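Just so it is clear, A, B, C, D and E label the chains in written order, and each chain counts residues from 1 on its own.
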Amino acid sequence: MAKSIMGSGLKVLVKQRGPIPLDASFNCPAGELLALVGPSGSGKTTLLRTIAGLYQPELGQVVCMGNPWLATERRYSLTPQQRKIGMVFQDYALFPHLNALANVQLAMGHLPHAQRQSLAKQWLANVRLEGLEKRFPSELSGGQRQRVALARALAREPQVLLLDEPFSAVDQVTRRRLQRELALLRQQISIPIILVTHDLEEAAALADQICVLHNGVSLQQGSPETLFRRPTSPLVARLLDRHNIFEGEIVSVAGQLRLQWGDYDLEVAEGLTELTLGEKVTWYLPPSDIVLHRRARPSQGERENPVAATVHEMVVLGGITSISLRVSHGDMLRFDIATHAARRNQLAQGEQVYVSLLAEGIHLMSGNHVAMPSRHMPSKYVFD
Amino acid sequence: AAASDLQFALTEAAERFQEETGSEVRLNFGSSGNFRRQIAQGAPFELYLSADEAYVFALHEEGHTHNEGVIYAIGRLVWLQRSHRGDLPDPGNPLEGVKQAVAAHSNGQRERIALANPDHAPYGVAAQQALQSAALWESSAPLRVLGENVSQAAQFALAADARGGLVAYSLALAPALAERSEYVLIPEDWHAPLRQRMVLTRQAGDIAKQFYEWLQQAEAVAILQQYGFSTE
Amino acid sequence: MDWTALSVSLRLAGLTCLFLMPVGIWLGRALASAHFRGKGFCEALIALPLVLPPTVLGFYLLQQFGRDAPLGGFWATLTGGGLNFTFSGILLASLIANLPFAIQPIQRAFENVPANLREAAWCSGLSPWQTFLRIELPLVWPGILSAAALTFAHTLGEFGVILMVGGAIDGETRTLAIAIYDRVQAFDEQGAARMSALLLLVSLTTLGLVYGLAGRRRWMRG
Amino acid sequence: MAKSIMGSGLKVLVKQRGPIPLDASFNCPAGELLALVGPSGSGKTTLLRTIAGLYQPELGQVVCMGNPWLATERRYSLTPQQRKIGMVFQDYALFPHLNALANVQLAMGHLPHAQRQSLAKQWLANVRLEGLEKRFPSELSGGQRQRVALARALAREPQVLLLDEPFSAVDQVTRRRLQRELALLRQQISIPIILVTHDLEEAAALADQICVLHNGVSLQQGSPETLFRRPTSPLVARLLDRHNIFEGEIVSVAGQLRLQWGDYDLEVAEGLTELTLGEKVTWYLPPSDIVLHRRARPSQGERENPVAATVHEMVVLGGITSISLRVSHGDMLRFDIATHAARRNQLAQGEQVYVSLLAEGIHLMSGNHVAMPSRHMPSKYVFD
Amino acid sequence: MDWTALSVSLRLAGLTCLFLMPVGIWLGRALASAHFRGKGFCEALIALPLVLPPTVLGFYLLQQFGRDAPLGGFWATLTGGGLNFTFSGILLASLIANLPFAIQPIQRAFENVPANLREAAWCSGLSPWQTFLRIELPLVWPGILSAAALTFAHTLGEFGVILMVGGAIDGETRTLAIAIYDRVQAFDEQGAARMSALLLLVSLTTLGLVYGLAGRRRWMRG
């Protein structure tokens, strides 16, 4: 499921029935960034707290760089201090009686006293808080507080960085800068970074791997590309805010296996052979693999799985226009094109258009099943 | 360690003793009962002047003193009330004030009668006996306020809400009270004699022994008498 | 066993709590939200009834409560009765003597109520009074409880002030504390021990129940 | 600067020197949604608090539906209760001693007791919190708390809705649902809604108008279209995370005014005539108005301001690819195209491409000036 | 003016605070974080020294402090001296009598420290001890201050326990409170008033300064 690097990186395996049901496993090699995504309340914060040693699950293993941090089966657990993590709390958890500078300095216990102040200033500058060093948390805005929390976590020079929505309260411009800082940092220090985020674009842009959580269960871990193009289940696709999930049936047309979808028999590049004739499947198509035919000028490649549809909705968001097309049997295809391309093609609500569904993009999923937390505990953990 | 009714008398006696002998004595006034307990626990008191001779006997029995000591004074009880009230009972009928208060009580008034607590204060016991002998014990019950010791009883007696109280003669004669109060003596035979006994503890030093002796001399006796104590 | 004294004690302690808590809540809240130069001295002032030995405080109160003193006179014109040597008198004295216990813990509790909860209540349409009743009061509850417990216990044990102002009148101002003291002074140590045990038991039960019931605050554990 | 509707909607004007410098004015008609955007610490929360009556600025006027709420010049101010606002606090400010249901019910003082419970349950269901009614805030996740706060604000049935980043802690899927609820609500009740958000896409999608703040100063208010295509200053453009801001000079080519940019003399549809020859200007081009020339197949319209450039960077984010082009004189053009379009055109780093800069999109700004808070207080406010 | 008594009083009150605050912090913290069935009764138990009249408490302590009692005997073998009628004795008595004031306000303060601050401190690498010193202690400071102020004031005014255990020995166990009491008993009201005024002034200054200095917490205003 995920690449395994001998003895390096962070590996987490957690299982419990209650009070917060959990059944998750994921790992993050050193130097990589793993994004934890999932609906609100799916257990992301709880998992970070487990890694940090602030939450003790019923059953769990945490191994970092080959060293066990938590092994419930032999009642072994390091303290949060021993784990040497840097954590940005979702609600910041700044020390109210210390000003911004002192909040950051406090996390620099590993450095000689003399260096702390200037370095702490440097960290605050890195998160764009120059001049606010002497402010107490109560005198800072929400986003400023969050950045102090980020600076504090980084200042610890941790072995593992745990970021619980570290950019949720800062504006887009600052967020980009901070994201860039984080990307730079990743190149400098080779530690696992776990990022909880609700911003899927952020996850896609920053993460080497994404792990999708739902009700405490880790559904899939993989590269952003894999997750966004090849989600293992409709649920994962939906959790990743993907549309274009449809039902179809495996049929044989002129001796070739095809995917029947409404009136269309679609060519599919991969996966058809593993399915049996007549089987109902759920399939997904990434919006990037829906190609609009140019008005009156069909081009090469546009003959693949041509589908006629009417424009149901067009939403212009700056340079990008979101298009919903209704296919004759009722399903809705959604994709984005550049606004000028939409203009050029004179798209308008109600117009009839043709699109190609690229065979390579069509991703067949083994059914409608929703992965549920297994209530069965394995007798032995398989690790490495 | 001395009973609080000796407050003034003994202070003067000690000053005189110091003038004469050059030796200083440190005085500690308080509840005789407390002192008895503290001496039993080894308190560094050398001479114990109790208001209740029973405590002295008890200490002796427990072995905290060499002997049973001597009686140094006999206290007297007085009716004390605020001055200028204009209704001071005449000496022949010292408990007239109590009677008036009891009578007023049936009209709904509440003029308090102060005394020390008869449960543990010698002057309280004497006051109870005096009231009993005048057949006022029962009827005065709702009006009685009980001080922890006789000094407090005197403070009660002089409070605005009190008719007066039965307190030690020695207090009534004290300069601090004399200007604010007036009193009548209660006949000695209305209550059992208030025999006050003193004793040297086992820790007594030379000066304490000297003072103990001196207190039995005529000069000291005169001072005590001046403050309302009689001697045997 | 001196049941009347126990009943006086409990009545006194109960009423002291009852009257003092509103005062403590009001003053504690006012002090918590106020910021002025002399605040430290105001707070110190409140602790002063503790500084005087109880008997001495009682002595001064005895004087102030007399009909010829302004306070006692005012009370007399108001109610027709005196203050000294009455239950009202010892209640008033007990209120004064316990003021520090009532205010300090409550003030601290109010200081710890986040300002934005108050604001959120206003924005939810709650009047200041509703905000106080439904938001602030539940949040400062532990502080009030502490204050009440200290006040209750201290009133039960209070002796110097009560004796001085009350004069140990059976059934009216003679509290169990005084009764125990009397037993001790009369060298009836068994009687004293019995009464002490009773007093301790009653207090333990009352306070234990109050704490126990109030301790079940699930929302504080999170 | 903004449309004025007689006596209806919310009008805000605030000025003060310190401790938080403010110089802002904006308005929001009833039934519309105004998004307040600006960097972290720019005073958005402070402005909402001013509207709510929780913050008293030195000088300020707030008028709602024709009724004055705040008029510092005549020392007039309604209490927060009288203003009847619904507010989502940035840090939620839930009552810790009340469970989710009671938190919502508390805000329903205007309804008869009997209705409150079922309605409160309804509101919680609307924010997707069915089944969590009895949980205390400490037993909820960050996003769940935020949704309780949202339900509480809505349950008040307010005259003005003030939302301080109400979706920052919820996942993308839930956020979309909540945004849809909010859009529905707007059609049902005709009240002004002020939304503070860091998500510019959210602002563009939800808001009728956007007001841009910087250091407490309101720089521009207008429709998303206006703001994103015609920002009044480079600062506004930068705050809206716009790129493609360049320097140019007004020149005359063959008797016609042109915009000189590096080696190119660009046609400009609007604004050139108001400028004098030789004037230096800053100009902005929305990414939607950069049209990539199809490889070997120039089409109509692609002759407008053609520019040669090399591909500097390509970032694929799902169906959309972000492209940075370097023009010969060093400036960088950024725009997005559909990923399949990029593929179709065989774009790759270092490739030479041609783009047209649409004359209609070129927006000339009056210079490099940055609007600063005016330190001068007007002697009289001009309102309506 | 009885300066030696004043010095004994201040020494006693100061040392009581000094010794009792660590105990209060330790117990208050333990109680704040513990959740067990009988907690309410434990809390009630702590209030019990208040419930007994001071003289009676003093009487029981006098007995326990004797060389023939276990506690007094233990002390004697430890130090060679006795407890009764010594400064050590009244200090110990005062520690016991003031326990409730020391614990309750501090416990409440600890209860109000958000758990996530402690966690954030651990995650910042602070040991439990550093967390205590640098995070918890500053946050519970107002509670400690309240506790110290109540203890200080109450010790200054304490009379029954101190007199019983200490025996009012000049320069060692005779506190200003006892001196004032004596003046009142001797009907020397002017002397009593002078001393009371002194005592009140000293307390007001001390407490006022402490509160005033500690009140400047900018971070609490926000």
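In the analysis below, a residue touches a chain if its C-beta (ideal position, glycine included) is under 8 Å from a C-beta of that chain, and two chains touch if they have at least 3 such contacts.
This one's a predicted model, so the numbers in the text were calculated from it and none came from an experiment.
Undergrad: From chain A, how many touching-chain steps at minimum until you land on chain C?
TA: Steps on the shortest route: 2.
Undergrad: Can you give the shortest number of steps from chain B to chain C, where adjacent chains in the path must touch?
TA: 1
Undergrad: Kindly indicate the chain pair that has more C-beta pairs in contact than all others.
TA: By contact count, the leading interface is C-E.
Undergrad: How many angstrom lie between the CA centroids of chain C and chain D, rounded to a whole number?
TA: 57
Undergrad: Hey, how far is the Cα centre of chain A from the one of chain B, in Å?
TA: 91
Undergrad: Quick check: how many Å separate the C-alpha centres of chain D and chain E?
TA: 59
Undergrad: For chain B versus chain E, what separation do you get between their C-alpha means, in angstrom?
TA: For chain B versus chain E, the centre distance works out to 36 Å.
Undergrad: Two-or-more-chain contact residues of chain C, please, as numbers and ranges.
TA: 55, 59, 181, 220-222
Undergrad: What parts of chain D, by residue number, touch at least two of the other chains?
TA: 91
Undergrad: Using the touch definition from the top, which residues of chain B touch two or more other chains?
TA: Residues 34, 152, 155 of chain B each touch two or more of the other chains.
Undergrad: Can you name every chain pair that touches?
TA: Taking the chains two at a time, the touching pairs are A-D, A-E, B-C, B-E, C-D, C-E.
Undergrad: Looking at the complex, which residues from chain E come into contact with chain C?
TA: Residue list for chain E touching chain C: 35, 39-41, 43-45, 47-48, 50-57, 59-60, 100-101, 104-105, 107-109, 111-112, 115, 142-143, 146, 149-150, 152-154, 156-160, 177-178, 180-181, 184, 192, 196, 199-200, 203-204, 206-215, 220-222.
Undergrad: List the residues on chain B that touch chain E in their complex, please.
TA: Residue positions touching the partner: 4, 7-8, 26, 28-30, 34, 37-38, 41-45, 149, 151-152, 154-155, 171, 174, 176-177.
Undergrad: For chain E, which residues count as touching chain B in their complex?
TA: Listed in rising order, the residues are 55, 59, 62-63, 65-67, 82, 84-85, 163-164, 167-170, 182, 184-189.
Undergrad: Any idea which chain A residues touch chain D in the complex?
TA: The touching residues are 37-42, 45, 90-91, 140-144, 146-147, 164-165, 168-176, 198-201, 204-205, 228, 238-239, 241, 286-291, 299, 301, 315, 317-320, 335-341, 344, 358.
Undergrad: Spell out the part of chain D that touches chain C in their complex, as residue ranges.
TA: Answer in residue numbers: 52-54, 79-81, 84-87, 89, 91, 93-99, 106-107, 109-110, 136-139, 152-153, 156.
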